[in-house]
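Read from first to last, the chains carry the letters A, B and C; within each, the first residue is number 1.
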Amino acid sequence: MITLSSDFGTPYPAAMKGVILQESDARLVDVAHDFPRQDVRASAFWLREVLPHFPPAVHLVVVDPGVGTDRDALVVRSGDHALVGPDNGVLVPVARELGPDESFEAFTIAVDDPASATFHGRDVFAPAAATVHEAGVESFDGLDGFEATDEVVDLAFPAPSVTADAASGEVLVVDGFGNAITNVPGNALTDHFGTRVTVNDESVPARRTYAAVDPGDRLATVGSHGNVELAVNQGRGDEAFGLAAGDEVVLSPDT
Amino acid sequence: MITLSSDFGTPYPAAMKGVILQESDARLVDVAHDFPRQDVRASAFWLREVLPHFPPAVHLVVVDPGVGTDRDALVVRSGDHALVGPDNGVLVPVARELGPDESFEAFTIAVDDPASATFHGRDVFAPAAATVHEAGVESFDGLDGFEATDEVVDLAFPAPSVTADAASGEVLVVDGFGNAITNVPGNALTDHFGTRVTVNDESVPARRTYAAVDPGDRLATVGSHGNVELAVNQGRGDEAFGLAAGDEVVLSPDT
Amino acid sequence: MITLSSDFGTPYPAAMKGVILQESDARLVDVAHDFPRQDVRASAFWLREVLPHFPPAVHLVVVDPGVGTDRDALVVRSGDHALVGPDNGVLVPVARELGPDESFEAFTIAVDDPASATFHGRDVFAPAAATVHEAGVESFDGLDGFEATDEVVDLAFPAPSVTADAASGEVLVVDGFGNAITNVPGNALTDHFGTRVTVNDESVPARRTYAAVDPGDRLATVGSHGNVELAVNQGRGDEAFGLAAGDEVVLSPDT
């Protein structure tokens, strides 16, 4: 099984699929091709949310603002999974989730010049994903063209600050529903379910479900990712709270 | 085969696919993940249009504004098909189409607490769809966790009024081309093909094909769903007629 | 394998998939369903870019502004591939790429009246694609309903003008990143990599990669399709250059 993730929109991902299907009969599963354009951090967040639900697979990931520069092309092996993509940090947070003890191994992919300077997804990463799939996640590193490396660009999500009185952090991503997903862990909110909390000086209900408030009303809740999320029942939380990715969020009990 | 329909956008549907693929090798086919957000009626319309074209399958449907409330989770068996989704009516119109004589059977899905309160698609419906697929549409109800029920939330599309002089109804949905699809049956229009009709006091040609009028011109036609549709050849009917879902449409011969 | 391309958005393509899966177990691969609406030329461009990357397959293509008129329905055989779609030119440029020596054969599909006048994708082309797939690309033309024809609507992309001093052409399509893709061949630019060129009287760097200029800066480069592309690193070239599909582009060395 090979999953595919990118910020390509269409039809570029289909070219990657064609290239893979020249070499492999793998099942292909799209994760998303509308990740925020060239936003490595948001893409890393979504990959960490979604890929751990999959059985062992090769995951092709192309969010690559540095395409054509000398950034490395990587295969990251983590548990029974392999991740294939650029060395810009996008693979790292999910790699820490897929393997035991947050461990993973990384390998550089030899890139022939003159591969296309603008479409490494098709010309470098898709062929590598097919090769890794056909050789097997356990065995691909015995092939020519893959070399172990200890130097991988890291990516960490910003750390929230949680005290007894308040939690502060920031919006990591806004999802398609308009929910503003923060880096504040859900347990900062769950004690307050049924009461109200202050979000950036505005008082809103803390609730376990969207539908616990009237349609159009704001709430703070804990999303499926386990983080605090600022939402509107049947509406857009980002607009109602005036929040976008990167904005600061301070949360405190409303006393 | 398992089809997937939702209003999730991306990448949430991929998490559902991962969960299913942990339990099943079923072929997965996306129907759409951009149904109008939390619009149960529009989603029910599209499901009724599309799913009857499929061979026997399990159809996972998650359009669920009441997620996390005490609404039931359902499997609906209709002919050789099973539908899995929330008990809010979205499954009912298509269930009436898939089986003989508009009949179907419904079963509640036992939901463990504490499943995620915000993502039952991943945590309740996707596992249930995999279970139904693996056990078989004929047999799943012999398993623990599925209980027959006669109490299902119904959903009916509004009934049009058709007389010899006029037909009145409303816009059910607008499709991606901008065609305003009404609940008025096509046979109210077909007698007038080649002449003109009055739509909310404006005279437009009634034609069998979009291309029978010049690009940019309005027409009334009968869509692939069999209903009257208000359209523009190579343009957007919703904008040209000033119509949105829910708006009233009165149609009469232009004499 | 059957690939699917259209300008349908969702959920119409799923109806085509259901119809195919009634007759065939073929692997289904989506190319794109958001081709520019009813834009035959842009769709032809993307098909020529993407389909040659696939192994032998049946390619279902429905971009069909003349649906319901008397335009023919076609199967085009080119090399080991078959293309199924309307006779409006959209299949021709890629057909010239898939076979040897730009050669291809065309066959009309018998269309039963009264197929739906508005959804031939579902009612004519999808069943034909399934039939061609099941009979085989080499053999389908022995079946009833397919008749060889020499009269096919042609489609040619506009020819650029390239001299020693300047190259002029036009924007063929804008991709999802906002890159304005022209019909000017890349070799008109590659000699100038590392220097500046004049694009419609404005001087910009000519570079091999987007990342060779600062984020937000404009450049002229050669895209993965081999043509000159006007772009912005991590931004939208169409907006920064004020260019849309069909606009003229004149390119000369900046001396």
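One rule holds for everything that comes next: a residue touches a chain if its C-beta (ideal position, glycine included) is under 8 Å from a C-beta of that chain, and two chains touch if they have at least 3 such contacts.
Since the structure is predicted, the reported quantities are computational estimates derived from the model, not experimental observations.
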Would you mind reporting the rotation angle for the C-alpha fit of chain B onto chain C, rounded to the nearest 5 degrees? 120
Since chain A and chain C are copies that touch, is their contact same (over half of the numbers shared) or different (under half)? different
Chain A to chain C, mean C-alpha position gap in Å, rounds to 31
Send over the residues of chain C in touch with two or more other chains. none
Contact residues on chain B for chain C in the complex? 1, 3, 5, 29-35, 46, 49-55, 175-177, 208-212, 215, 221-224, 229, 234
The answer for chain A against chain C in the complex is residues 8-12, 14-15, 17-19, 21-22, 28, 37-38, 65-69, 116-119, 122-123
